[in-house]
Structures are given as structure tokens and as C-alpha cells.
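When the chains are written out, they are named A, B, C, D and E in that same order, and each has its own residue count from 1.
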């Protein structure tokens, strides 16, 4: 295993367009946009289904069906349909993050102890207050679990963007592969895995911050 | 006063949970709903704060139909203690208790101060305030549940098997605390249990429900024990009816003999019964406030068959023998 | 990793009856040629395993060396460039000269067969608009404006002598930016069309050049030397039958017919296998 | 699309077969490895977090990188399907070992004690009591792993081994939607069928979960 | 006989759970361990089948040290009923019960036949056999737990709060069934509870443990009630000690008066006490087998202060008044 590419300071030049820092930035950009889009789409649906119990069959199966869509195929399909540009990458990655976010927000809501919800209603909370003050905070540990899963997955998978000519850490893999430079591929793999771990750690910190200590051990 | 007027609840797909229930629960008193599992106790209770809507009939609070009020506002004025406490796991004990005051517009600061006071009141010292429910024992959680329901100082409290999750020893302790609290507060309380002992001990009124949501009897604990309406009620009240009945009779009018043959200390307090092998313990004493049941027990457990009555200062002021008691009990008849 | 007990297929065996694993690069022409080779060999009773679409030259040469595949369609000039770490000798410009040089540097255990007349060169191509505006005819004309242009090609272009390096050494061109896309594939072509890049590395047989009225810049300094299609094969997989079949194919291949058949794949979206069969039968090889 | 299928049914069929084999073998291997591995943290609770973290990191290595690296590490040939199989097995193990551990850990301690007190020895207890009770959780994990594997195989097409993924690259190189669409549909259908089979198996072997 | 010889259990990091415990649990009898939460009951129980190993001391079964035997084999010979039943959720009721016989090498067929018989015995008809535990009520699950522990026909049974998960009504029912079963089977049973009533009702011997794992008293229920070793035990046995004590005294020697003034039917069975307003119910009768407690209760609850004794045929054969009872109770003294 050859770490020369990774350790070469020239590849860590902050400004260089093919440098690792820029690639990380682009990569994180895809990741963040996909997570944002996925959350906007999946979270309300998951919460609604979990809250009402209506359509849980759909939630579970849509989750699984979503997972079965091959990201690479979807990406290539989107490129042939929509042309180059950022949109195809975003669509493919968003489809990837929807299932874990959907199923975890659904499961988080389902797992909320109904007796507690009952107590909240019994104290005179309005439905919206029950949702925001009781159900959501209690569902958070499970929801964050799903979100972290989605994040790890999308960090690893965003590398396929390079297969359709986009930037991101996948460049190290695709370009390294194309010129038979294993050191570069290795650098890519390491940086991606490290980034995934860091993103996960970061989210774990957020989780600690927003999840009530009273729920420790309930996730 | 809470009035049930011909209330019926039929669950869609289920049978009749509550069947033409009419009763009046007096203000400032505790009414206990008791009956076997599935007889409609919880359903009846939850119709009061409209967690469940009746199929027919009306429920009035002080003459006003509960359906006339906004649901949420109605509930904020009614404390509700749920089985297993139903505490919010994500909030500290303090914030659990402060919930309703905050909901009703109190400042967080004021609500917390109030909550602290209430925790004190239910026997939880300040150091528990910052804990989360998961860090409390079952009995402590129940207390928080009660404190939380009291927080808005609601005139009415609903309690669904509030003491069922704790072991018998702790339960007895909670009962006593609760009775003391209620003496201070004088709330209108509706409580559900399936433990007849609990019902008889805590209730000012007891409503016995039977399968299918029928009211079998509504009355004071004494009514139930001494005049069960039917076999179902007498079966439910169980064995020892005679002895149980004695708990409602005061020992105040029980004639006593002069104190004699008992060793006393300087202050006149009983030391024991002299015998060949030294002093034998009295095994307890009673006062005028005790019940005939206590006296009966003392007579029987006394080594000499005589129970000792003491005055407020603890000095022996009378004796009751088997025969004295028998006379008194026999004379109550007819 | 030269002898691998886990290898699941007798890929490297050049058994007498003939069993050949045919590979290809990851662009349609290479796959078409590989399919033509495969069908020709099958016609002679050779057992063929297809492992197409492997990747860039750097990758598939590795596969050839470790025995994962035993035959590939190659281009003599590009192969020579890839195998010459110190650059291609100036003299090697004619097909035969290239072939002679190539034979000197072939990895042991591999050999090339007769090369065909069909050529598919790497080109630098611009849109007609760019060409007129800047009055571009040859690669040399790019010299002054190169620093304002983005060039697009497969990722490997960045490191190759016949890519960015050679362009700088031979023509002194320094582009504003290099965009890694694909080897003369749709990314590159679309990027050129859309103006994301101004200069593209496209293969000369590519039908999109005609369709889009692209302008191929001339290569006066012969950076892209002759690029004749030539079979590259592992020696142990070769035998008279194989050589015979492949030589027959090479004899019929021309730049024109290759371009035409490739257009059937690229433009008409015909199946590669069907087009290959058509080639063989229309050229009396079947 | 029909047209394309008619013209290319041989290729599509081959791709489908290859896809199936590349996706399902790792599931099998992964399951066999994950069962004992997932039991470890049950036996030695201290191992739980280290193991979960390790699997988390493994799962975050991009598949393409793994496909490329395994030949270097294993000494396999670059085009050998073993690379893909090993890579996907690693992902399967990373997913399943955790599920197995979680499933086993979630078995009611009272039930385990009851079994011990009845005179079960450790291994038999594991096989007859703990594993069956953990099955619903494990099978739920297996469903995710299977479906993910089936969609991951196609990444292999970037290095020339990818089952239905070959249809993606082929279509992409020609800028031609049909093969991509066919590949996606077949991949999804394959995943759906595999998922359905697991669900049916689960229904058959865990009848008690439908009681109550 | 199960013998505890100076058994100590100290949990690593915890305090002493069991402290120099010595006692002898007689063969064929039921011994109940009772005490407040955390006093070491479960720990003591589980050391018998080596689910927990003692820190010091020995436990012998019929003179043989339990550590001398292979763990698994030892356990197969000891039935264990765990709190909340601990049934295998993935096996049918029948297969749950058949578990140990199959483990010990019985064929599945034979084990199932046996299991079916046992289910019958604990009051679960055949139609329950094919169900899964989740399809049973709490009380039914407890019965399956008992049947499962009985399946290997072990001479010894350990039961950890076997009846705690069910409501009071069902619990009484299970108690009665269990006493009947034990009368037939005569197993050596060790049971844990924290309910003193349960302990006194079911145990042949009762061991009262106190915090810190000390044995406070070991004796018959009667010993505990009439001669509590110390304040802890008397406090634990609770109020009503006198009345409780009467449960252990038979009504057999209680002198009765001739039957007089009672309305009887043709067979001599009591109909009630005549009064101005018609017949008043006797509120129950007693036989020679009943306890003095029952008689006391009847006398008190009787509308005329007189309890009616009946013979085996149900015919009234004697009357007991308040004074008769008082005489008898008083005469028992000294």
C-alpha cells in the first residue's frame, strides 16, 4: 500500500482545483445538498406516517424499493435525460438518502410510547404541541440514527459523481483508476472513509446536543 | 360536582364498554371506580376530560356539559395521572411538573418555582428535580406523576391506577401520603383501580362497575361492605366482610373498664402485663379515634385477651376484654 | 499475483483447441472491434469468453498481463506511447515504423498480430464556431489562446504523453484547465457541444464529429502518430487458428468501414453484436 | 425498450445471471461470517462498540475503491469476480454483524435465564433459543443487506465486472436510455423478488411474530 | 432437604446480597422466602440451581453439595419458574412445556403427550396448546410457566415471584390452584415473594429476610404471626396480627350451642333468621374445618351476631354467639 499520493503536500494545496481540499469541499457539497433535499422530502412523509399510522405499509416498502434503485444506473439515466450538470448527481444521491431518513423518522414516531402521548393530550396540549414538544423530541434518537446512516452512505456513494465527470473525491478513484495510479485510489478511499467517520462524529455531537439526556439508552 | 347522565360508550367494532352510566361525584371528595379488568373504568374516566367521547348521554362538571368547552382548555383544568405515570422521558422531573403551567402561559421561571414546591409536597426533595424520569424508581415516578397533575392546581384530578406500578410496601406508603395530601387540598378526585382494598381505603365514594360497563353499586365504602347491592358486589368486596365492616365503626363509644392489673410507668403509660416470667407486652394500644377493627385485633393478639386504651398523652385510660367487645358488638344489632 | 490459485476461469490457457478471453476498453469502438474479433474466432471454432468494457488502457493492460484476458483490439501508436516510458522516438510516424518500435517494447508473453489499415486517431477537436472565431486549423493555432480554453478528455489524458504532457512538450500548449470526462464518450462530446469545454479529445472515427460539424485540428507535429487497429494477444493464447481468423479481420478493416459500422452503433443504436455480425458477413468472413 | 430487449436478450440475460450471482453469493458468505461475528459482542459485551465502529468504517469505504484494491490485497486478477464478491461480502458482514449482535442482545434476558435454568448449555441455548428469537431482527437486516447488495453490484461495471451495471455503462457510452432503464428495472425487480423471498421465508419460520 | 450452610454472596462492586445464611428447607414442603425489595431473595433462590455461585458457604441438596454436579444436569433436575414466566416466545405453549423432557432425551412425541397432560393439570385446556405465549393472558402465561417447570417431574421447584404479574383476582385463583396441585405432587418448593399475605398463605415454612441479606426469622407462618422474632418481622407481618393468627386456629374445638331460632329447610339447612321484615340472611356458615378467623368474621357480619356451623351435609349443627367466641378466645390464654 502506497501512501505517497495522500502524503504529498502538493495535493493538499488549498486553492488547486484538483487538490484534495477542493475535492473534499465539492464532495461535502453534494452530500449536504442531497441530505438537505432528502430530509425535506422524506422527513415530513415519515413523520406523518409515523404520527398517524396511516400508510405504514407504504413507508416500509417504499424504503426498501428506494434502496434497491442502483445509484450508478440512476445517475447515468439522469445524465442521459437531463444532460451534464449538478442536478442528475443530486437526484441520484437524494434517492439514496430518502429510504433511511423515511424509515427512521417513521420508526422513531412509531416507537414513541403511546402512554406518554396520551398523558400529553390529557394535559391539554394541542395536536401541534403534542407533535413538537413530545413526539418529535422522543423520536429524535431513532431519527438521528437513520440520518447518520444516510450520511455515511451518501459520503461513500457520492464518489460515483466522478463517473459522470463531476468533481468530488470520486475523482481520485476514477482518475487514479484511469491512469493506474493506485496510490491515488488509495488516497481517495482513505479520505472518503475518514470523511464519513468525521461526518458521523459531527452528527453524533449534534445528536448529543439536541437529544435529551433523559432518552439515553432508549435509542 | 361531576355528573354522568345516562352515559353510553360503544367502541366501533367492540362491545359496549360503558352502559347507561349515571352517577354524581361530589365536589371535594374522592370517588373511586373499581371493578374487574375490562369493565369500563378507564373508559368512564377518560370521558370526563374528553380523551374519549361518549356515544350517548352527557357528562357535566358543575352543571356545564364538558362538550361545551374547548378540549385542550378543558383538559388543562383537569389534572390527569395516567397508569405508569406517562412521564416525558426527555424532560427533567422539574420540567415534567412545570409542563401545564408553561402551557397555560406561566413564565418558565414561575412554573419551575411552583414545580419545586409541589415536588417537595409529594415527598421528593430538591435533588430529584434535575433528574430524568428514567433515573427514578417506580414509586418516585408515581409521585412525579401526581405532582405534575397538581401543578395547574386544577379543581379536578383524574387518576388511572396511579399506584399499580409499585410494590405493595411502597404502595401503602403512597396511599398514606396521598390521603394526607388530599386532606390539605380537598380536590375533586376520580380514581380508577381494580384493587378493592385500595378503593375502600382511599375512596369517599366507591363506584363498583361490572363487566359490560354496568354500575353495580355506588356508595360509601361502608355501604359496600355492610350493604352490598348484590352477589357481584359482595363477591368483589371479598371475604372478611364482617371484619372489614368494623373498620368503619369508631371505638369512641366502646365502654371500657378501669385500668387494673397493668404495669404502668410514672406517666401512666402501659409497660406490660405482669406474669410469672416477667412483663408480657401489650402488643399495642388503641385510642378513641381508632376503629373497632383495631380493637378486635388487639384483644385477640393480647397475651391476656385484653386491649388497652390510651389517651392523647399515651396514658392508659381503659381496658377492653373479649367479653366487653362481644357485648358491644352484640348490642349494635337490631 | 502472476499465478493465482483462485482464478476462476481458464482465461490464460492457450489450449490447443483454442480458448480466448477477449477484452475491450470502455468505449464503443473498442467493444465493437472486440466483438468482431470474438465472432471471427468463434467462427473458427475457438471458445471465446467476453470481458468487455474494462476501462482505460492502464487498466486493461494490467488485466492482459495477469491473464484475466488474452486478446484485445489495440491502436499501435497509442499502445506504443503507453509502453514507452521515455517517450516515443521522433522517427516513428509511419504505421510500419510504429509497429517496429512497438514490437520492441511489448511486455513479455504478449505479441501483436498483423495490423489493419483502419486508423482511429486521438484528435483535438473544437466546435465549428470556435474554429471560425479563432481561425483554428491546426493544434499549433491554439498556442495563443490555449490559456483561455478548457480541454476535456478521459481522466487518463492528464497523464499521458499523448495528452496534456505531450501537448505541452510538443506544441508548448498550456490550457486554462483540464476537465476529466470520458474517453471520447458522450460526456466529452456533450460538454463540447454545451460549451463546458472548448477543446475535446475525440476519436477520429467518431460519428459525432460529422453530426455536430466539429472541426478536427490537424496534427502537424505528429503527436498522434499512426493509430492502426491491431490485435494484442497473449502468446500462449495464440495459435494458427487464432492468427488466421484475426488476420482475416485486419485485412478487411479500413478507416471508412470502421467509421460506418461504428456509426450504426452510436447513431442507430444498433446492438454491437448485430453490427459485428454484419461486418463479418458483409466482408465475406462468415 | 422492447426493441432493445429483442436485439440484446442474450447480453441482458447474461448480465442478469452475473448480477444475481455477484449479489447473492456475498449474502450467503456474509451471513455465515456475520453470525459468529455478531455473537462475539453478546458473549463479550466490551467488544460491542469497537466492533460496531469498525463495521461503520468498513461500510464507509467507497465500493469502487474496494473493487480496485482487493486484487492488490488478495492477489486476485483484476477482472476476477472474486473481487466484487469479497467486497460485497465485507459490506454484508458490516451490516449484518451489527444486526445479529443487536438482535441477540435484544433477546429478553428473562427468557435466556429461563433457558439456562432449564439446563441448556451455552451453544444449544444459542441455537435453539436466542437465535430463533433474534430471527425477525436478523432477517430485517438481511433484507436491507440483500437489497443494497443487488444495487451495489452495478458499481463493478466501472471496472468491467458489474452484471446489470454493464447495461448502464453501455447505455451511457452511447448516450442511450434504453439499456440503462432496462438495467435499473431488472435490478429493482431482482431486489424486489429477493426481498419477497426473504419475507416469505420469514413468515414461514417465525410464525410466532404474527401471534398476539 | 435443601441445606444452606453459612452461605454468603457478595456481588463484585455491590454490597453483600446474602449474609451468612443458614437454613434447612424440608423435603416435600413449600418454603417461601419473603422480604423487602433488594434483600437477597432472588439471589438466595438462584444459588440453589447455580445460576449464581455463592461467595462462601455451601448449599446441599439431600446432603450433596450442588457444586459437585454438572451445572446443566443439576438444572434439568430442578424446575424453575421465573418472574414474568420467561416463556419462549418462538415456541408454542405445548413446546414450551415439552422443553426439558426433550432436552433430557425424551422423544418429541412423548414429551408433547406429557406436556398436554400437564397443561390440563394447570387448568389450560387442549385448545391452548397450539398457541404462542403472546396469545395468552398474563395469568395463563403463569400457568404455562408452572407447567413447564413441572414437565421434567423434578423433585425440586424454584419459583421467583411466580404470581406477581397478574391482577389480584387472578392471583387468588392461581394460589388456590397451586395449593391443590402441591397437595397432589408434594414437591420440595422454594418460592420467593415480597407479599407477606402470599407467603403466609402458601408457605409451609417462611424465611423472612431483611436488608443486607440477613435471615430475620425462619419458621412456620404461625410462628411468624404469633411469635415474631423482632420488630422487623412483626412490622413486616403487619397489622391485624391478632386476626391473622386466628387463621391458624381450627374451629374444631369451638363449643357450640344447640340450633335454635333459625329457619331451616327440610334437610336442616339454614334459610335465615326470622325477623319482622322477613328472613335475614345468615351471611354464610362455617364447618369444623374452618379457622377461628372465619368464625370471627361470620359472627361479626351476622345480622344477629350469631354464626351458624354446618355439618358435611350442609345441615346446621350448632350456633356460636359473640360471647361464645369471646369465651373460647379468652380461654385459650395462659
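As a working rule, a contact is a pair of C-beta atoms (placed from the backbone, for glycine too) under 8 Å apart; a residue touches a chain by one contact, two chains touch by 3 or more.
The structure displayed is predicted, hence computed values, not measured ones.
Asks: Once the contact rule is applied, which chains count as partners of both chain A and chain B?
Replies: none
Asks: When I count C-beta pairs in contact, which pair ends up with more: D-E or A-C?
Replies: Looking at D-E and A-C side by side, D-E shows more C-beta contacts.
Asks: Among the chains here, which has the CA centroid at the largest distance from chain E's centroid?
Replies: Most remote chain from chain E, centroid-wise, comes out as C.
Asks: From chain D, which chain is the farthest off, judged by mean CA positions?
Replies: B
Asks: How many Å are there between the centre of chain C and the centre of chain E, using C-alpha atoms for each centre?
Replies: So the centre of chain C lies 91 Å away from the centre of chain E.
Asks: Please tell me the distance, in whole Å, between the geometric centres of chain B and chain E computed from their C-alpha atoms.
Replies: 28
Asks: Using CA atom averages as chain centres, what separation in Å is found between chain A and chain D?
Replies: 20
Asks: Distance between chain B and chain D based on Cα centroids, please, to the nearest Å.
Replies: For chain B versus chain D, the centre distance works out to 58 Å.
Asks: Multi-chain contacts only, two chains or more: what residues does chain D have there?
Replies: Chain D, residues with two or more chain partners: 157-159, 169, 172, 175-176.
Asks: Listing for chain A: what residues touch at least two other chains?
Replies: 79-80, 164, 174, 177
Asks: Determine which chains touch and list them pairwise.
Replies: A-B, A-C, A-D, B-E, C-D, D-E
Asks: Can you check the complex and tell me which residues of chain A touch chain C?
Replies: 17, 79-80, 83-84, 162, 164-165, 171, 174-175, 177-181
Asks: Along chain A, where are the residues that touch chain B in the complex?
Replies: Where chain A meets chain B, its residues are 113, 115-116, 118-126, 129, 134, 137-138, 211-218.
Asks: Contact residues on chain D for chain E in the complex?
Replies: 108, 110-111, 113-121, 129, 132-133, 135, 206-208, 211-212
Asks: Would you tell me which residues of chain B are touching chain A in their complex?
Replies: Listed in rising order, the residues are 46, 49, 51, 71-77, 80, 82-92, 99-100, 103, 132-134, 148, 158.
Asks: If we count contacts the way the header does, which residues on chain D are in touch with chain A in the complex?
Replies: Interface residues on chain D, with respect to chain A: 56-57, 59-66, 68-69, 72, 143-144, 147-148, 150-155, 157-159, 164-165, 167-169, 171-172, 175-177, 180-181, 183-184, 187-188, 190-192, 195.
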